[in-house]
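Structures given as structure tokens follow.
Next, two complexes with chain A in common: one pairs it with chain B, the other with chain C.
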Partner chain A sequence: MALNAQRGETVAGRPVTASPRRVNLEPLFLIAPALVVCIGILYPFGLAVFYSITNYSLTLPIIKVTGLRNYAYIFSNADFWHSTAVTLGYAVSAVAIELVLGMIVALLLDRDTLLAKVMRGLIILPLMIAPVLGTLMWKLMMDPSFGVANFLLSPFGLRNLTWGDSPYTALPTAVLIDVWIYTPFIALLLLAGLRSISPSLYEAAEVDGATPWGMFRAVTLPAIAPYLIVCTLFRMVDSLRAFDILFALTKGGPGNTLWNYQVTAYYQTITFSNVGLGSAYMVINWAIIYILSQALVSWWNGAKDRAAA
Partner chain B sequence: MKAKTRRNILGDALLAVLSFFFLFPIYWAVLMAFKTQADTTAWPPKFFFTPTLDNFRVVLGLGGESSGEVIAGASTSIIPALGHSLVISLGALLVSLVVGIPAAYALARYKFASRESIAFTFLSFRFAPELLVIIPLFVIFRNIRLYDTYVGMIWIYQLITLPLVVWIVRGYFEDIPLEIEEAAKVDGCNWWGTFRHVALPLAAPGIAAALLLAFIYAWNNFIFVLILGGEHTQTVTLAALNFLSSEQQVYGQMAAAVLISILPVLALALYGQRYLVRGLSLGAVKE
Partner chain C sequence: MDHIDELCASLAHGDTSRREFIAKASKAGLGAALTGTLLAMYSPSAQARENAQQLAANGPAGSFDHKKYAGRKVHLRLSKHPYVDALTPDIAKFKELTGIDVTYDITPEEQYFDKLKLGLSQKSSDFDVCMVGAYMTWEYGPAGWLEDLKPFIADANKTAPEFDAADIYPNVLKNDSWSGTPGDLPGTGDAKQWALPWGWEINVLTYRQDILKKHNLAVPRSYDEIATVAAKLKTLEPKLIPFLARGKLSWDTIHPGYLSAFNAYGAKDFDKSLKPTMNSPEAVAFTEKFMSILKDSGPPAGRWTGYGVFDMGAAMGAGDVVMYHDATSLGFFQDLPGASKVGGQGKMAWAPSPGKTGTTGSNIWVWSLGLNSGSASKDAAWLFMQWASGKEHLLYAATQHGHVDTVRKSVFNNPKYQARIAAHVGYSDTFRKQAPISAIYFTPQPLFFTETTNWAGTLQDIYSGKVTAKAGLDKLASDVSNELSQRGITK
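Let's turn to the complex of A and B:
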């Protein structure tokens, strides 16, 4: 109670903090339940790191610490480099297409026509559908013998696309579905960014005789740079750990065509019972995501300062 | 003025093409759900046909005729899966709500050692590859008999719902002017009273947004239940995928199952979408 009386006297506008010398129990009390739940997540996480340095297999009775042997095996194995190529190829191509397309959609939605108004409400729909179910929707259209996708594309000379069924088209098909689901994510965030730009900036640029492209580069792009980086951060992280679309499309097939890190870890652990190896794959995946997200967050902070300046 | 009109027409034409891309798959799934098996496999694909409710009858377990053809192994009802999805999503939401909102308030309003690292720990859940946590839990759950139980599923679902609630609600708490809370304290409210009667109601839109989004993400999740769930916890995402694995591909039933599964989420999304944009980026983008 003494703490409260003291805080009641602090000058309005200053942060609500107790004097630094006293141990402040209120935040601890408030945050403790969440920390308990945290442990339920952090403990398995630590266990995964431990498993990754063991030979743990569901078929072996005893766990033996084998040091970095799993990692040495992984790095010298062609399967790992295949899954690295799938992971990076999928993530980079999906995010690049989504950023460009999302930017275009955001600019088109940020207008006053009837269609733009209607679509501002409807564009969110693909994003809200479970990626697994969205993928199933696409499979309804992509049957090679009677799918409507090949029917709609036939006037353009594309009649016999194999979609998920062939090793050559499975990855582009997965990227296409990813683009369908997540471009609205980027479009909606960028639209919020476009709306935050003051019209006076455009008017000033117009007086200076700027072309539309010049205005986009000089006014729009710097102002929405922080939004673009946030979009990239979220989409990059999520596509580096993609699973749902790849699994729903072909269960990772044909063969191991769509085995990125998470799909590989799934098969290693669940199908082949190699818990140690599967965990090592996930630790590597996590490390890549962690380093990348740190870089993007510091880039974001810089862009935010520049946009505010 | 004329140039502007022409630009708008050009823009609308491009937007129409893109809108077709984003909406056609949903439209097509709706059509497929009302088609007979013969109509779903017709070439050229049929845009006009006599609709049937048989697919919905089968998927809802009402025992409809499968349009004259005997379709083996695909007569499982999706109703139990809807129930499982509802219990798991709402259960996960409730836990995240009870532990997450006080934590969000503490992270927004108090300065204490390691505050930012605790906040970042919650955020890192959002960015962790799911299997990193699922693989050990797969082992743990089998040992302590939590495999294929609601408790186990609600536990692992915290990985997605808790960071959403903590980070979105924290942003809304930070937006409340300190003066308002100070005034309440001057009027004799203690910290709990201030939290309950001042901060909580003012952050209500943020809490609503977080809950909406957390529910949608929980409902849409697939990988947790694929590995840690079984027949007692099978959710709609897994059930709908199982329609694919049936011996004969019954596209109409699959479409009906997908539609029923996404309907609750689409209704929520259209209803609450003005709250959703800020939440999508965990508060990094404010509208």
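Let's turn to the complex of A and C:
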């Protein structure tokens, strides 16, 4: 087209008057949104990585690059290993329970009964509440003076459960709230997986004389494996960077019981003004999530291929 | 001229206040010196005439003009608080007096300091004046986030003649000033005035007098007596919490009753060389005593760590608690008629801060107004600050609203205010006794929040039995020492 214009030719009967220096901007316009998104995502991330190798404190006017000093301090500090245990303990236990419960709920909802139809609509209710509000609601239910939880548990001799107030029960309490909020999410995804399984596979298994457990192991589980991995991926990433439930429950207490990476990063950055150290915690958290996500994605690809075969 | 005559007559008869007189005289174009002279001649009281004579003699004070910044705008960053509820309806008076427009944002207290800190540290010009606590100024002031107010106070062109700094409780004003040298006590050395006191809280014993009377129990004056009375109450009133204190994982768990009594039992947070001493034998002994009371006679089933300041107020209001050692005003709002289950019935009462052997001073919390160094309207903002902490607004706020525990002696001694607080048993007497002998007992240093948040976590661990008081406080002292050293504050 540019050559035509230089020769003074016409296109579709119209004279072409474009300048010889005309630049084709179309690709730039097409790539611009992706570029903006990339910059939007990468800039804060890059900034956090930079801060993590500095002594940046909110109260210090001059930022000095200190290399890996923050990381060395973190890895040599017992508090880091505690927060690692909290981060992994919370994520693994919450996701494991949610997967088992989600599977059971999905199997129950995959029936043609009136109750299953009604429950399919109701089960999403916890997902519609912000996690912080859900946590506050649970705190009210677990209140020692007027909460309903201990009242309901009193017939079982559990009238004085301390829930989030004790270092021994705070983490299980946080996991319980996480499970309450996110199990429906897993159940719905798995339900979609169950609905995608061809009935002919069950019919063939039945003809072969398979038991219900055998059908579950040989047909259901392999078929929904990619869905299970996707659920694990989503929930594991979310749980590894959890903040809202842990902070809303006890602000991370008692003591530092619920200080996972994110809560520790919050205290270091905001309360203690130590942005450099807080950023290092966030970068470590990101690295763990990244490695785990990559592993889960390659596992998912394998499972998808096996399910399709 | 007739107008001026009328104005003077009105002042002499007490129909016009000094402030109104100054404003109207300024409007009429009277010079400052003449205004001061007229005040000296026509003020109704001898003291006011004397003040005005000084004002006239000092000359430059008269050059102050309320309308100098008319048309400017000042934005306030505020925390949700009864003081703010008293301020907002009165702002129109300031606007009328100065012609300055005032806007504000209000954030719940639990989130307020995070928001404020981020704004100040980014040198945001979104706000000009903010609410701060004296402890916060130890971090915010030396970091250059707040303006030193001393030059403003000293400048007669910027400070209204009616602003009377001597009327503010001197220990409160002093506690808002600090040199910036870690370990220096407030008000010592080359101290800068980082904020202006607005309201303060003395930590005293708030208790249910009806219950103590019912069982013929004396009001405890020490923590040993609290332990005895609380143990008896546990049997006598099994449905009530005999004694309560703040227990959440937050810096504010340390400063009220715990630190007040900690100090009374001879313990300190640091020594003069800024070496942490919160693990001294006195500190360990008192902490063991404090924890033992909370475990034996505190909230049931290990619940103490769930109680923050508002939970405690609510528990007292609901009639669930017999005693707590905390801010004077916390119970005041519950004691108002209709405000709570026990309010307005003379059931609650106040007594001085329990110490080791009897009445002792208490640690104080000072709600103050700070001037953002990123502000583009500092002079107009200063005008607002002096008005908001001035006699007229504080008297209105204390008598018409909930701005109790006033920082101004004149407001406290005002008959209207005394009449207002008379219904709250022991409130006035307790305040009168405690005010002169109370102060901040923390040692100022910029890692205040690191120290106190970790301290609260340590108390939670001691309470739950994870560590002993000695082991917990030893680790805390060691951690704080390392942190101070790592940040280059100590060697």
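The criterion applied here is as follows: the second predicted complex is superposed on the first by the 276 of 309 C-alpha atoms of A that agree within 3 Å, B and C clash if a C-alpha of one lies under 4 Å from a C-alpha of the other, contacts with A are read in each partner's own complex, and residues count from 1 in each chain.
The working rule: a residue touches a chain if its C-beta (ideal position, glycine included) is under 8 Å from a C-beta of that chain, and two chains touch if they have at least 3 such contacts.
Bear in mind the structure is a predicted one, so any value in this text is a computation, not a measurement.
Engineer: Determine, under the contact definition given at the top, whether A:Leu158 touches first (chain B), second (chain C), both, or neither.
Structural biologist: Neither partner.
Engineer: So in the superposed three-chain picture, is A:Ser145 touching just chain B, just chain C, both, or none of them (first/second/both/neither)?
Structural biologist: both
Engineer: Given the touch rule stated above, what does A:Leu221 touch, chain B (first), chain C (second), both, or neither?
Structural biologist: neither
Engineer: Please indicate which partner A:Ile270 is in contact with in the superposed arrangement: first for chain B, second for chain C, both, or neither.
Structural biologist: both
Engineer: Does the superposition put A:Pro44 against chain B (first), chain C (second), both, or neither?
Structural biologist: The answer is first: A:Pro44 touches chain B but not chain C.
Engineer: Of the two partners chain B and chain C, indicate the one touching more residues belonging to chain A.
Structural biologist: Larger number of chain A residues touched: B.
Engineer: Using the superposition on chain A described above, determine whether A:Gly253 touches chain B (first), chain C (second), both, or neither.
Structural biologist: In the superposition, A:Gly253 contacts chain C only.
Engineer: Between chain B (first) and chain C (second), which does A:Leu68 come into contact with in this model arrangement: first, second, both, or neither?
Structural biologist: In the superposition, A:Leu68 touches no partner, neither chain B nor chain C.
Engineer: Classify the contacts of A:Trp286 with the two partner chains as first (chain B alone), second (chain C alone), both, or neither.
Structural biologist: A:Trp286 sits against chain B, while chain C stays out of touch.
Engineer: Considering only the contact definition stated at the top, list the common interface residues of chain A for chain B and chain C.
Structural biologist: In the superposed arrangement, which is not itself an observed complex, chain A uses residues 58, 145, 270 for both chain B and chain C.
Engineer: So in the complex, which bits of chain A are touching chain B?
Structural biologist: So the residues of chain A touching chain B come out as 1, 4, 7-8, 10, 12-18, 24, 26-28, 30-31, 33-38, 40-45, 47-48, 51, 58, 101, 104-105, 108-109, 111, 113, 115-116, 119, 121-134, 136-141, 143, 145-148, 151, 180, 183-185, 188-189, 191-193, 195-196, 227, 230-231, 234, 237, 240-241, 243-244, 247-248, 261-262, 265-266, 269-270, 275, 278-279, 282-283, 285-286, 289-290, 293, 300.
Engineer: Using the touch definition up top, name the residues of chain C that touch chain A in the complex.
Structural biologist: 114, 117-118, 121, 139, 142-144, 248-251, 299-306, 315, 318, 320, 446-447, 449-450, 453, 456-458, 460-461, 463-464, 466, 486-487
Engineer: Can you list the chain A residues touching chain C in their complex?
Structural biologist: So the residues of chain A touching chain C come out as 57-61, 73, 144-145, 160-162, 164-168, 250-256, 267, 270-273.
Engineer: Could you list, by residue number, the parts of chain B that touch chain A in their complex?
Structural biologist: Result: residues 8, 11-12, 14-16, 18-19, 21-23, 25-26, 28-29, 32, 40-45, 95, 98-100, 102-103, 105-107, 109-112, 115, 118, 121-122, 124-140, 155, 158-159, 162, 166, 178-179, 181-183, 185-186, 190-191, 216, 219-223, 226-227, 236-237, 240-241, 243-244, 249, 251, 254-255, 258, 261-262, 265-266, 268-270, 273, 276-278, 280-281, 284-287 of chain B touch chain A.
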